[in-house]
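Note that the chains are named A, B, C and D in the order they appear, and that numbering of residues resets to 1 at the start of each chain.
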Amino acid sequence: MNAWHDAPREECGIIGVFAPNEDVARMTFFGLFALQHRGQEAAGIAVADGQTISLYKNVGLVSQVFRAGTLDELRGHYAIGHTRYSTTGSSLLRNAQPFLIETMNGPLALAHNGNLVNSAELRAELMRQGVGFSSSSDSEVMTMMLARDAGPTWEARIKEAMKKWVGAYSLAILTRDCVYAVRDPWGFRPLAVGMLPSGGYAVASETGALRTLGCEAIRDVQPGEIVTLSDKALTITQALPPVNPSARCVFEFIYFARPDQTWEGVNVHAVRQRLGEELAKEWKANVSTTNAADVVIPVPDSSIPAAIGFSRVSGIPYNDGFVKNRYVGRTFIEPTDSLRKRGVGMKFNVIIENVLGKRVIVIDDSIVRGNTTGPLIRLLRQAGAKEVHVCITCPPIKHPCFMGVDMGTYDDLIAHKRTVDEIREEVGADSLTFLSLDGMMRAVGSAEGYCQACFTGQYPVPVDLSSAKTGFELPIIEKRGKKEQ
Amino acid sequence: MNAWHDAPREECGIIGVFAPNEDVARMTFFGLFALQHRGQEAAGIAVADGQTISLYKNVGLVSQVFRAGTLDELRGHYAIGHTRYSTTGSSLLRNAQPFLIETMNGPLALAHNGNLVNSAELRAELMRQGVGFSSSSDSEVMTMMLARDAGPTWEARIKEAMKKWVGAYSLAILTRDCVYAVRDPWGFRPLAVGMLPSGGYAVASETGALRTLGCEAIRDVQPGEIVTLSDKALTITQALPPVNPSARCVFEFIYFARPDQTWEGVNVHAVRQRLGEELAKEWKANVSTTNAADVVIPVPDSSIPAAIGFSRVSGIPYNDGFVKNRYVGRTFIEPTDSLRKRGVGMKFNVIIENVLGKRVIVIDDSIVRGNTTGPLIRLLRQAGAKEVHVCITCPPIKHPCFMGVDMGTYDDLIAHKRTVDEIREEVGADSLTFLSLDGMMRAVGSAEGYCQACFTGQYPVPVDLSSAKTGFELPIIEKRGKKEQ
Amino acid sequence: MNAWHDAPREECGIIGVFAPNEDVARMTFFGLFALQHRGQEAAGIAVADGQTISLYKNVGLVSQVFRAGTLDELRGHYAIGHTRYSTTGSSLLRNAQPFLIETMNGPLALAHNGNLVNSAELRAELMRQGVGFSSSSDSEVMTMMLARDAGPTWEARIKEAMKKWVGAYSLAILTRDCVYAVRDPWGFRPLAVGMLPSGGYAVASETGALRTLGCEAIRDVQPGEIVTLSDKALTITQALPPVNPSARCVFEFIYFARPDQTWEGVNVHAVRQRLGEELAKEWKANVSTTNAADVVIPVPDSSIPAAIGFSRVSGIPYNDGFVKNRYVGRTFIEPTDSLRKRGVGMKFNVIIENVLGKRVIVIDDSIVRGNTTGPLIRLLRQAGAKEVHVCITCPPIKHPCFMGVDMGTYDDLIAHKRTVDEIREEVGADSLTFLSLDGMMRAVGSAEGYCQACFTGQYPVPVDLSSAKTGFELPIIEKRGKKEQ
Amino acid sequence: MNAWHDAPREECGIIGVFAPNEDVARMTFFGLFALQHRGQEAAGIAVADGQTISLYKNVGLVSQVFRAGTLDELRGHYAIGHTRYSTTGSSLLRNAQPFLIETMNGPLALAHNGNLVNSAELRAELMRQGVGFSSSSDSEVMTMMLARDAGPTWEARIKEAMKKWVGAYSLAILTRDCVYAVRDPWGFRPLAVGMLPSGGYAVASETGALRTLGCEAIRDVQPGEIVTLSDKALTITQALPPVNPSARCVFEFIYFARPDQTWEGVNVHAVRQRLGEELAKEWKANVSTTNAADVVIPVPDSSIPAAIGFSRVSGIPYNDGFVKNRYVGRTFIEPTDSLRKRGVGMKFNVIIENVLGKRVIVIDDSIVRGNTTGPLIRLLRQAGAKEVHVCITCPPIKHPCFMGVDMGTYDDLIAHKRTVDEIREEVGADSLTFLSLDGMMRAVGSAEGYCQACFTGQYPVPVDLSSAKTGFELPIIEKRGKKEQ
């Protein structure tokens, strides 16, 4: 699948539920289902009944990991869930979440979206104190830090730990009788909380998941906040002052989030349309005439709203050019050589009638490694497209992410050492247009409050550039449970 | 999943490959992959090496059924494949295809798309001659009929059998050293043949699958033809005279086929846009003013082109209103009661910003049982839509299909005994518009040559209406192999 | 496992149950469980409820094939079951039994223990009549022959078919509302019937299985009989006159049957003790003094009673010399080279204290291919045995079996072209003694009525010696379902 | 299976290998295979290559857990393995061993046979220091204690930890480049080391496993020793002085160990024969005449040597009375009611001919809960035994074990509050004889050096009798990975 889509990859989706009158495991399951796009490698649910915590997790899609019988054994009123995208070959059980440990203050489970930039130091410190680790995940480091007796309450202990954590973390934490939702003071990753119609509350990475559960009165968890879901009330604590300006990940809008996500008041689908509109404006300024193309086509699915927006502003007709195979997924069958030459043919087919003899504008969300743009262009030319102009709804990605998005290392990034024209030549386009940083921020609706480090190299937190090479895995023994079949 | 989409269901996709210089099993796998939308219940591949035929089939998606090791054991130059949608609870191994038997003329495998209307009589006749049957499938009846010594060659034997077969059949037949592609004289189901770039030929239910394999010089197998793929040549025999007019299934255009399919010169995506255009014309004629709505939204994915066409003609802006969960599939987890009330919420979420306070036109491909239209409308109203007008790209379906499409029985069909207004009231729409038969045929591009029996009740072949109740299963013993896990 | 035991291999165990007040699927499961030693490759159960027959079968042990849920779906009052040993690499679903087909007279399932010697001709004849075959099994041929309308009742049709069947067949046949137990007129394989304490009847290959079910009034099904189990009564029909003398397989006593089996009045455990006693007498006659050895040890488990009998007659003390690993089974892990040199070490370890410095007599049941005797002797010598004398409880096997026992081909049989002394040298024994044919028959208790063809080459039915090479597989296409994991 | 055998249950078998020229994973696999009788619930292997440690473990038999591909991925020269019997319903992945963690001194894996009596305190102490625990196992406590920086070398750290551990522990510990074998100073559980023919060394719970690997120069690891296997040499350190007298578990001889095990010079098979001989002497003294019985039969397999010994001394003929179903194992199918009444019939059948009309002496190894003796006696009476006399090769078990053997709680033990005659009456025997403590120790060969706490209540280490109720599980969250299928 890697060869079939070139996009940054999200680390996870998280969810937390307190629902006194419900089957919380089943609710959490359907919430994770709505967050499946944020991670397809592993899934897990932990449920607390006031005394103990039960956990089930495994590699695979949410629907593959959980059976009715498995959910039935997870009983209680409090739950958290996690769906994970794993960066490397280590798509393994060991790093699946939630993590669950027994501490002197009772059982503790944690689900994490994001990445700490100082986890190596924190882990080494714990090791010096005699803690052994079972995984390479920074999330296990966070869990073990909460096992320390650093305060009289879980909230106090979480607050103490937050002081030491640097980087991106949206968390759902489960104890015997409470769910805590925590967001780092930079606000890198989204997290929202809502009220359940049957009583109780839920938190999730995206509002779409909350709406799937029927939530109303949805509100973002603010940077630096701890939100507590318990049978007493929903309480909100500003554990750390928010960093100003905040550093929300702009890629949530460009690619990660589902179009029905609304983050701090901004709807993702609307942003994507505006990205296309801004792109059309810049593109028009660059070309001599608006008649320079016959049709605008998206690379489905994420670029469809942008292509529609582009069409509106440019006046060039929108049409579908690619058919996407909906069943592309977890096949490990390698194509034959003769099929391989046809490149992305397994995932995308061209609707020949719509591009034959035409000057085509292709809208795509981003170019990271640059390995799919070329094959897509070749498919269009094979289908008879006269010209292929590529328009991208963000600027060139020149720097890796250290806050939980897998964009690879500097060497992986096609734009790291190449000019736009060099990239254009490499992928074989007639023209290549990237949206400007300003244009992108106009579409998002604000010039600041966002992390743009992958475009600018200006990181909101101090990072160790040398660690970009390793893919952020902590040094680890190989450890494997049952692999997926 | 049944509760989440209301559409007629196709029975199968078939493929055949002769490729002397290729890994034919792997090619067939990727061809089936491109036909996955035609059936997700079971898949199988049979390969011949000149002497024997090897077969592997099982329940599940193509990518679940086949592993690299399985394909490696299927060696030879000739192959056929099948992907199946099964109508009832019998989504079981017993009816998976291809069927493979040893006959006095050597091994024989068969993959079938369609349904014979006289299979019960043919089966009873064979039973009287002492043949026992292992499945309830009409395709096993066809296979056993070919085991009879009715002629000196396979082509002769196929021709003899064709004389007795009444109904829909597009077939890929495999012998020791040949692939035969056969299409019934009515031409109910599509089947096309193309030339492989590496030498050899392929046949498939859709041209998109042939293009995935790199085929050129693609041509429809004509009604009544037997096309022979062997190492000698591609030969075409008009085994039976084509019925005139032919009876191509119009639902291939409305719902089944992938948009990149081109059948007898007509592209599916283009037809769908025209269906939307025709629908807009008829809708405009029915309403007092074109300002009667604020936005046109499709039910993704099949209705997107029609919604775009509708928007163009009506001038009402197109936008996305639903987000479809791409991971909905084979989960057997039932929602909790409180989730169930939210109906289709598992599969579709609304982009609230795009419908709030608006008069919405929803474009959908068809209404069969009518069980999803209501919940979709409720979702829109919950999201604040002011009015919801439903427009359907085909006429009301009033009659079951006997030629291989599962539309259920008369009692299942919501339009069987209800007026349009009764349906509108039942689903809760502000207005409900079905495209007229004439409008639909204008979009398809021809007034005749198509089976419209599900709209009109005029069947192109004599059918036994009483058999509609049983779902076309032949009387059978229960027989089960290993079920999917 | 092949490398770890050298014994002829049985083809199957069969069972049939009519129990109006019981969960017949579960009873059949436990009956198969008690027949597991007769075949570990595949298992299946078919159940009839008066109208239809349900079937579940798969590769694996009985306990692996069936789950509680699977049994729960098999409802009715009549059942048959089968556990299979498969001869070649084709340990596959295709040949698993029972076979189940739909015939003009209703559903029919069949479970078979034995082998027809004329199945190739019978199959060719059916093929000429237009029947296609799904497997390479002679049992499918038998099933299809019963699909013919050769008489007014099932009993009549079975009787007609029996006239054409030549070879070994003990059958359990299931129709809508009846179980039939059938034994060939030569009486090659055992089959017994008993009365269930809760009402109803059961038939099984061995009396031990019947006793596990609580049966009383156990009686052998006689050669040529059809026994009918239905809700009316137990009826017995002498369908064909019994061949005189009969041809019971003597290897049932030597190796196949469980010691608690009693066949035609003769208990297997008692025969095995007498085999050891007879062997001791012959051995004493061959050696100069009874002090020629210090200890008698068996190759566990089948030779333990013989070793005890040998010890009693010879006066040489019995002791355990080998420990058998009870968990040897379905591992496909190959040992390392250094482990491989230790030969059978994976399955057998020596109790050094019991053989060190001693002259050891080893009792084994038979030598077929001769591949384990040598390694066993080496293990004893490594453990310090001073002398190793091997005594076998049957004569040299010089001819293959055509009636359902896999002894390999002529070339496989170590005794086919070698003298006893050549075999002794090849396996490295200090002496090698085979029990004489007369001695063996004395232990069994009768000089005639048994098939001794594997020792004498005198086959009770005409056989095609050339077919011994192919391992009795009928010519077949490869056909595979889901393989065991 | 619980219902089918009444015996104390061992916790584990362990193994360690250093083999520079071998596939150590495969060697460890075959070693575990030979230790399978010590635990059938889970298995695991960890391998070190000088830098990192790879681990694979899962629930199931050794042969089910490991595939060839799994072993191939475990590369290196150092390995440890574990096979586990789990006491309660928690037969789950979480407690499977080896445990593997990353520490400040590198990766560390541990496999443990035994049970600490002070693990609850040790765990609480670690928790107070901020360590979180993932399992309820005392072995994880031991692993985490070794993560502390308590000395400059692994040997020093192990030595420090040993000072705090109270109870039974035979350990195989794996670091980057070393295997350590450790035995507690009481010597509760066996552990032996041997030299591999290809170079290198191996340690294992039993000498039979070492012999399977071809080991020579086998020597017990002595109480309190740390034996180091590395590429430098085999070094032996007396880390703690041995407790005198030692406390070897006498049940290793009575039931756990395989007959080819030789522990501190004493062979298990020989002890079992002597147990039968001593029992015969005591039995003779108790009965008026040696003609009081007609036949001595064992409950297979563990009691066969004792029955032979009993027969020799008593002069009463030995014979087999029970047939044991070799395939009884992991079936979860419950028998029907009518089958349930037949009790142990699933596992044992009677050879009627050998007991009918006879006065039978049954030899069994022990009576723990007492739930199988009664059904076995009933089986014999149903088969026509005239009298049934039960003789047990050890004294009544009156006290639970705290050192790693699952005998249940006080309430579970049938002999805790009953006299021998009450037990006799409860099981329905004509007479019941337990071997005396003195007789047992004579058979073992020494009056001291053994733990006899389960008979006497004299524990060699201070125990908390209240913990016997809980089954020794540490308080834990439920945590589950993929369960066996």
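In this section, a residue touches a chain if its C-beta (ideal position, glycine included) is under 8 Å from a C-beta of that chain, and two chains touch if they have at least 3 such contacts.
Because the structure is a prediction, the values reported are computed rather than measured.
**Student:** Starting at subunit B, find the fewest moves between touching chains needed to arrive at subunit D.
**Tutor:** Contact-graph shortest path, subunit B to subunit D, evaluates to 2.
**Student:** What chain is the most remote from subunit D, judged by the mean position of CA atoms in each chain?
**Tutor:** Between subunit D and the rest, the longest centre separation is with B.
**Student:** Shared numbers divided by all numbers used: is that above or below half for subunit C and subunit D, i.e. same or different?
**Tutor:** same
**Student:** Out of A-D and A-B, which chain pair has the most contact pairs?
**Tutor:** Looking at contacts between chains, A-B has the larger number.
**Student:** Could you please state the distance in Å, as a whole number, between where the Cα atoms of subunit A are centred and where those of subunit D are centred?
**Tutor:** 49
**Student:** With centres defined as the mean C-alpha position, give me the subunit A-subunit B separation in Å.
**Tutor:** Distance between chain centres, rounded to whole Å: 35 Å.
**Student:** Out of subunit A, which residues touch more than one other chain, so two or more?
**Tutor:** none
**Student:** Touching subunit D in the complex: which residues of subunit C?
**Tutor:** By the definition above, subunit C touches subunit D via 22-23, 26-27, 29-30, 33-34, 36-37, 40, 61-63, 66-68, 71, 196-198, 208, 211-214, 258-260, 262, 267, 269-270, 301, 304-305, 308, 318-320, 323, 325-336, 338-339, 341-342, 345-346, 349-354.
**Student:** Which stretch or stretches of subunit D touch subunit A in the complex?
**Tutor:** 52-58, 93, 100-104, 107-108, 124, 126-134, 143-144, 147-149, 475-482
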